[in-house]
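Chain IDs A, B, C and D follow the sequence of writing; residue 1 opens each chain.
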Amino acid sequence: MQPKTPSLFASPSVPTAAISPFDFTSDNAVGADPRILKALGECNEGSTTAYGFDELSVEVNRIYSALFEHEAFVFATPTGTAANGLAIGAITPTYGAVFCHEHAHIVTTECGAPEFYSSGARLVLLPGASHKISVNTLSDALKPYQMGNLHRLRATTLSLTQLTDVGTSYSADELGALAELARAAQIRVHMDGARFANALVHRSLSPAAMSWQAGIDVLSLGLTKNGGMDVDAVICFDAEIAGVLRYLHKRAGFLYSKMRFAAAQLRTYVAAGLWLENARRANSNARRLVAALLRCAGVRLEHEVQGNQLFVHIPPAITGALERGGFRLRPWPSPANDLFRLVGSFCDQEEKLARFERALEGICEP
Amino acid sequence: MQPKTPSLFASPSVPTAAISPFDFTSDNAVGADPRILKALGECNEGSTTAYGFDELSVEVNRIYSALFEHEAFVFATPTGTAANGLAIGAITPTYGAVFCHEHAHIVTTECGAPEFYSSGARLVLLPGASHKISVNTLSDALKPYQMGNLHRLRATTLSLTQLTDVGTSYSADELGALAELARAAQIRVHMDGARFANALVHRSLSPAAMSWQAGIDVLSLGLTKNGGMDVDAVICFDAEIAGVLRYLHKRAGFLYSKMRFAAAQLRTYVAAGLWLENARRANSNARRLVAALLRCAGVRLEHEVQGNQLFVHIPPAITGALERGGFRLRPWPSPANDLFRLVGSFCDQEEKLARFERALEGICEP
Amino acid sequence: MQPKTPSLFASPSVPTAAISPFDFTSDNAVGADPRILKALGECNEGSTTAYGFDELSVEVNRIYSALFEHEAFVFATPTGTAANGLAIGAITPTYGAVFCHEHAHIVTTECGAPEFYSSGARLVLLPGASHKISVNTLSDALKPYQMGNLHRLRATTLSLTQLTDVGTSYSADELGALAELARAAQIRVHMDGARFANALVHRSLSPAAMSWQAGIDVLSLGLTKNGGMDVDAVICFDAEIAGVLRYLHKRAGFLYSKMRFAAAQLRTYVAAGLWLENARRANSNARRLVAALLRCAGVRLEHEVQGNQLFVHIPPAITGALERGGFRLRPWPSPANDLFRLVGSFCDQEEKLARFERALEGICEP
Amino acid sequence: MQPKTPSLFASPSVPTAAISPFDFTSDNAVGADPRILKALGECNEGSTTAYGFDELSVEVNRIYSALFEHEAFVFATPTGTAANGLAIGAITPTYGAVFCHEHAHIVTTECGAPEFYSSGARLVLLPGASHKISVNTLSDALKPYQMGNLHRLRATTLSLTQLTDVGTSYSADELGALAELARAAQIRVHMDGARFANALVHRSLSPAAMSWQAGIDVLSLGLTKNGGMDVDAVICFDAEIAGVLRYLHKRAGFLYSKMRFAAAQLRTYVAAGLWLENARRANSNARRLVAALLRCAGVRLEHEVQGNQLFVHIPPAITGALERGGFRLRPWPSPANDLFRLVGSFCDQEEKLARFERALEGICEP
C-alpha cells in the first residue's frame, strides 16, 4: 500500500530533508545530548508506579525547587507549544486577554495553542523593536481594558519571550518593570523560556532572578533546543496556579504513564550544570558564526545577538556559495530577501564551525 | 529549598513507590523495550528538519499504510489519553454526543480529555456486561437522538475499547455490527486501542480486520504498555478526518520538534514484529498467572481473560502472603474487597513468573 | 421562493401547531401576562443609554436585592437554558464535574448548554426518586472525586432543580443538607429555578429561605413560564461569581442593547406580587386538573403534585375522548404508554378549566 | 437591602443615564417601533407549541426566503453580538482564523463572542481606510495561511461589516471581489449586518444583491437599531451551515420557548417595508444633522456618510453649547479630542431635528 500522502506532516512548501552534517537552520535540527540518552537507559530497569508516583518524579520537584530557590511545581510536556498553552491556559479565563508581542512564538507558530488551552481567550498583539515589549507600549495597550469595561475581554495575562524569537533578551530590570505594571493591573505573567538557558548565561543571572524574582508566575522551560529529547516543562511558582495546572496537564494527555523517562531528563538536564554548559557552548558557537560572517563585505546583523540565534543580512553571492558547500541556512522574510537565520547549537563540533569559517574565508576574501 | 509538595503529581491516597522487581499492578509499571531504547540512540546523530519533515517521519506513514493495508495517517502522542482526546475531538463537533461504555477508560481515568479536545461534547454512558457494548444497547440509546431533536446533543461518535479495561475484547463480528449501526446513524467510530496488540494476537486478526475493515474510522494505537517509551499514536483511515487532526495535533502541542525520536519508536515497534511478539508474551504471561492462581482454593475470575489483564477474586490469606513475599497486586473496587488486577507484561522474565508460581504453591498447597 | 425547509426549528417528529384554546401541554404554550406587555409599552418612550446603563436597569438590582434580603446581581437572559448555562459556566472550570439528577432539564433538554458555557465540563448523573437527589446519593458519588485524584475531573458544582421537571420540590431542609455537603467538599451550588415561584408558593418559603439561606450560590430564575415574555434571569448572591458572570453574559450575547425592555419585565414580575399571584393560580389550576382526573377510574398520579405540573397515568379511552374534544395533553415516555403531562398555567381561565371538568365528567361518569 | 453595586452592568466610567429627548449618541438609545410593539400584543392570545413549532415561526422562514430570493434559514437572537458569535461559530472550526477589520465591532465591543462561539478561533486583524478591507490587504494577509502550513491556524472565515462601525459601506462589487478571493481560498464569508437596512437603502441594492449574490454565506441581520425590540437574527443561505446553527443556537440558549414573540417581530420588520422605511428616515435624518453641522466653521467629517452614522470633528465651543442645550453626542477617541459620533434614528421626530438645527444656527451664526 503506497500512501498518497507522503508524510506525517507534509507541507507542499517545505521539502523533506535528509540528515545533514552542516545544518545551521535551527536548534531543533539536532539530536539529544548523549548524557540525556544515557539517563533514559539508566532508569529503564524494574517496575515502579506509573503516572508520576515513582521516586524519580518526586525528586524532580525537589531539584527544581532548590535550583529556583522557591517552591516549584514541575509539569513535563512533549513540546514548548504544549508548555506555553498549558501555562497560559492555567492563568487565563475563557474571557481573558493575553498581551504579547506581535511576533511572539505563541502568535506565529503554535497554531492557536493559547486559544485552545484557555478555551477561547484572545491574544492582544503589541508592537516593539527587536521583538521586545516596552513598559509604555503595555501601559497604553491596557487602557481600554480597565475593569468595568465589559465590551472588551478582561485583561488577565502577559506573556513574555526570553530569548525572543530573534535572539534578543530582556534584562532583569526590564522584566521587573513589565511585571510590576502587570501586577498593578491584576495581570498574571508568563515567560516563554524555550531558550531560557541561553538567556540566563547571556545575562549572567540566576534562575530565580530571571523568573519569580522578576515577577514571573509561570515559566515554560525549554529543554529540547538545548539537549533534551522532546521534553520541555512548565515550572510554576504559585500553588494555586499549580492546582489548576494539575488538571489541565492530565486532561490534555501530558501525564506520562512512564513518567520516569521525563523525570530522568529533567534531572539530568540541570543536575550537573549540563544546561548551562550547553547554553554557553551554543551562545559561544553563535558568536563564532557572527564573527566569521561579519568579516565579509555586505553582511550586517538585523538584531543584536544576545543568545544563540543570529539574524543576518547576507548578499546572495555568499549564501549561494555556502549552499553549494552543503551548508543550510534558514531564509527569513525580509523586503530584500537577504535575511537569514543561523542558530548556534550545543552539539556543533569544532570541525563544523571551522569548516564554516574556512568556507567563508574562501568566499569573502578580497 | 524543601518544597511543601513532595511530588509532581502527588496524591494523598497513593504512596510514592520505589522500584520493585515483583510488580504485577500495571503494564505501565515497567520500562521500555530495549530495542526501542536502542532505536533512539541510532537516530540521534546529525541534523535534519524539525517538526516531522525528516525522512524517518515520512517513512512512518508508509510503514503503517502497508501494515494496515489502507492509507493511514499517523499522529504520534505522548500518552493514550492524548491519542483518545485527539481522535474523538477530530470526529466530534462541540455539540456532539459520544456513546461509550460507562466504565471506559475515557470516562473513568482521563480527566475529561474527550470533553477538552471536542471543546464541550458529552459522553453518553452505556451499560454492558464485561465492559462491552451490545448492539441492542446502542440502538436503544440512539433513539432520543434522532435528527431533528434539538433538545439533546447530536449523536456523532461511538467510542469502543479494545481490549476493554477489564481485559475482554470484541470479536470482528461484534465490532462490525456496532459500526454498521453507527454508520446508518451517521456516527463516526473511534477505537481506544491502548492494548490493540494484545487483542490482535488473542483474536488472531489482521490489523486491517480489527480496524477499518470493521468500520473503525480512527484508532488510538497504544505502544507504551507494550514496549514503547511514552509514545502512542492516532492512526486515521480517512483523509478528511486527518485534515482536522493535523491542526488539533499541532495546536495541542504534539508536533514534536525532534519528531525523529517518536518516528523511530513507531518504526521499531512494528518493523520486525516486535509488537506482536511482546503482546504474545504478555498474554501468555497472563495465562500463566491465571493458571497459578486458579490452582488455589477460593480464587475465581471476575472476567474472561482475553488479553494480558486478569481480574481475580483472591481470599485475603493468599493476598496477604503474596504481599509479604514482595509481590504487588492492584486492589480493585468490589463489594467484598477481594478483587485484584494483575497484568501480564512483555518484559516479565521467567524468574519473576516462576517465583510467583512457587510462592503460590507454598501458600495454596493442601 | 418556497423554502424546502418549512420551519425555523422544524422536526420530523413534532407537528407544527396552530393556536389552540384547550392546550395543557406546557406552561410555555401560553403568551405573556398582559401586565408584562403593558410594561413594555410604558418604557418605550425617549432615549437613554444602552447596554444596561439606564435608570430602569439600575433599579432592578435594588429591587431584587430587597426581595431576596441579600445583595443580588441580576443578569437577564432570553431563556432558562441560557440562564442555566451561564450560571453553571460561572462556577465551573473547564475541568469541572457538575453533579445533577440524571433526568434534570440541563441533562435532557438543553443540548449541552452546561458543557458549552463551561467550555468542556462534565455532567455527573445521579439517580433519585421523583427526580430528587438525596444526601446519601451525593455523598457516595463524591467519593471518587477526592482532591488529589487527577484521573477524574474535579468536583466543583452541584445543580439542583426546583421544581423538578416532574413537578416535585425540595424542602428547605433538604436543600440545606445538600448544600452543606457540597460546601464541605468545596463545591458551588446552582439552582435551576425555571419554576421557582411555583415551588415558593407550594413550600410557603421566602425567596431568601429557598435560595441563599439554603446554600444556593447562583439561581436561574424563570419568568417565562409564569408570565414573562422570553425573559429569565440569573440571580447571583456572590460578588466574585458575579464578576465572572458579567463577562460570560456579555460575551455570549445577552447584554441587551435596549436593556430597558428586560428590566421592565423583571421589575413588573415581582413589583406588586405578580409572580406569586400567577404561581398560586397555576398551582391551584393544577390541583383542579388533578381532582377532575382522579375522579376517573384507572387514573393515577406518577409523582406527587407539588407545583403546577402533573404526571398522570390515564387510560387510552379517556385520552382519546379528551383529544377528540380538542384538549391537548403531552404524552410522556412510559412502559405502558399511558403517562401524560398536564401543566397548570397562570393564564388558564375559568372557562377552560370548567370545560375540562365537564368533559371528564362526560367521559368518566359510571 | 441596599446593594453596594448599583447597576446590572455598572461601569466606573459610564454614568447611569435618565431618559433624554435630545440624545444623538446611538441607535440603541431609542425604544422600539410602535408597530413592533403592537405585533407583540397581537400574537399574545391563546396556546401554541413552544420552541418554534408554532405557525408564526414557521411562516418566518417563508417570508425571509421570499425576501432574499433564496432559501433562507432564520435564527432569532437577542443581540447582534449573539448573531455574530453564532454565525461565525457555525463556519469556523476551533482552529480557524477569522479575517476581519482591526476596528470591526466583533473586535472592539463584543467581549470575544467569536472566540467563544467558535471555542477558540483567532481573529486576524486587517488594516484599511474607513474601516473597510481591500482585496489587496486580504490577499496579502492570506499568504502565510496556505494549506499545509500547520504553524498558523487554518484560514477559514472572512467577516465583513456592512455598514461599518464608522458608517461607511461596501459596494456590491467590493463585496463580490472579497468573497471571490475568499471562496478561492476555501474561506466562508460572514456579514455583520447590524445596520444592513441602512446600507441597503444607501446603496439601493436588493437584499439578495447585498448578501448571497455577493458571496455572503451567513448574515447577521440587525433589527434592534432599526425598530426592533431586542431581536436580531442570523440569516443563513446554506443548508449545511444551518444544520450546525440549529445546534449552536439551541445550546447557547437562543431557542425561545415563546418563539412567537421573536417571530412576530421578524415578520413585522419586513412585512410592509417597515425596515426600509425606517432605514430611509434614519439615513435622511443623519444627512440633516450633517448639513446643519457643516454650516458651522471648523466642523469637518472624519468619514464619508453612507448611512445613519456621522463621525464629525466639532470645535469645543460648539459642543459645549450643544451640551448646555441638552443635546447628547458621543465623544469618540481622537488625537485632538474633537471627534464625536452622532447617529440618525428612525424615531427621531421633526421637532428634535429642527431644534438641533436651530440650536446650531444660534451657536454658529457669524
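The definition used in the following text is that contacts are C-beta pairs under 8 Å (C-beta built on N, C-alpha and C of every residue); 3 or more make two chains touch, one makes a residue touch a chain.
These numbers were taken from a predicted model, which means no experiment stands behind them.
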Relative to chain B, the most remote chain by C-alpha centroid is chain D
Pair exhibiting more inter-chain C-beta contacts, A-B or A-D = A-B
Could you grab the centroid distance between chain B and chain D? Build each centroid from C-alpha atoms only and quote it in angstrom.
-> 51
Per the C-alpha centroid definition, the whole-Å distance linking chain A and chain B comes out as 32
Could you tell me the distance, in whole angstrom, between the mean C-alpha positions of chain A and chain D?
-> 42
Two or more other chains in contact with one residue: find those residues in chain C.
-> 9-11, 14, 51, 94-95, 110-112, 116, 119-120, 150-151, 153, 246-247, 250-251, 255
Any idea which chain C residues touch chain D in the complex?
-> 1-11, 14-23, 25-26, 28-32, 34, 37, 40-41, 43-55, 57-58, 60-62, 65-66, 68-86, 110-113, 116, 119, 224-225, 229-230, 239, 242, 246-247, 250-263, 328
State the interface residues of chain B toward chain D in the complex, per the touch definition above.
-> 51, 93-95, 119-120, 150-151, 153-154, 244, 246-248, 250-251, 255
Spell out the residues on chain C that touch chain B in their complex, using ranges where they run on.
-> 9-14, 94-95, 108-112, 115-116, 118-123, 125, 146-153
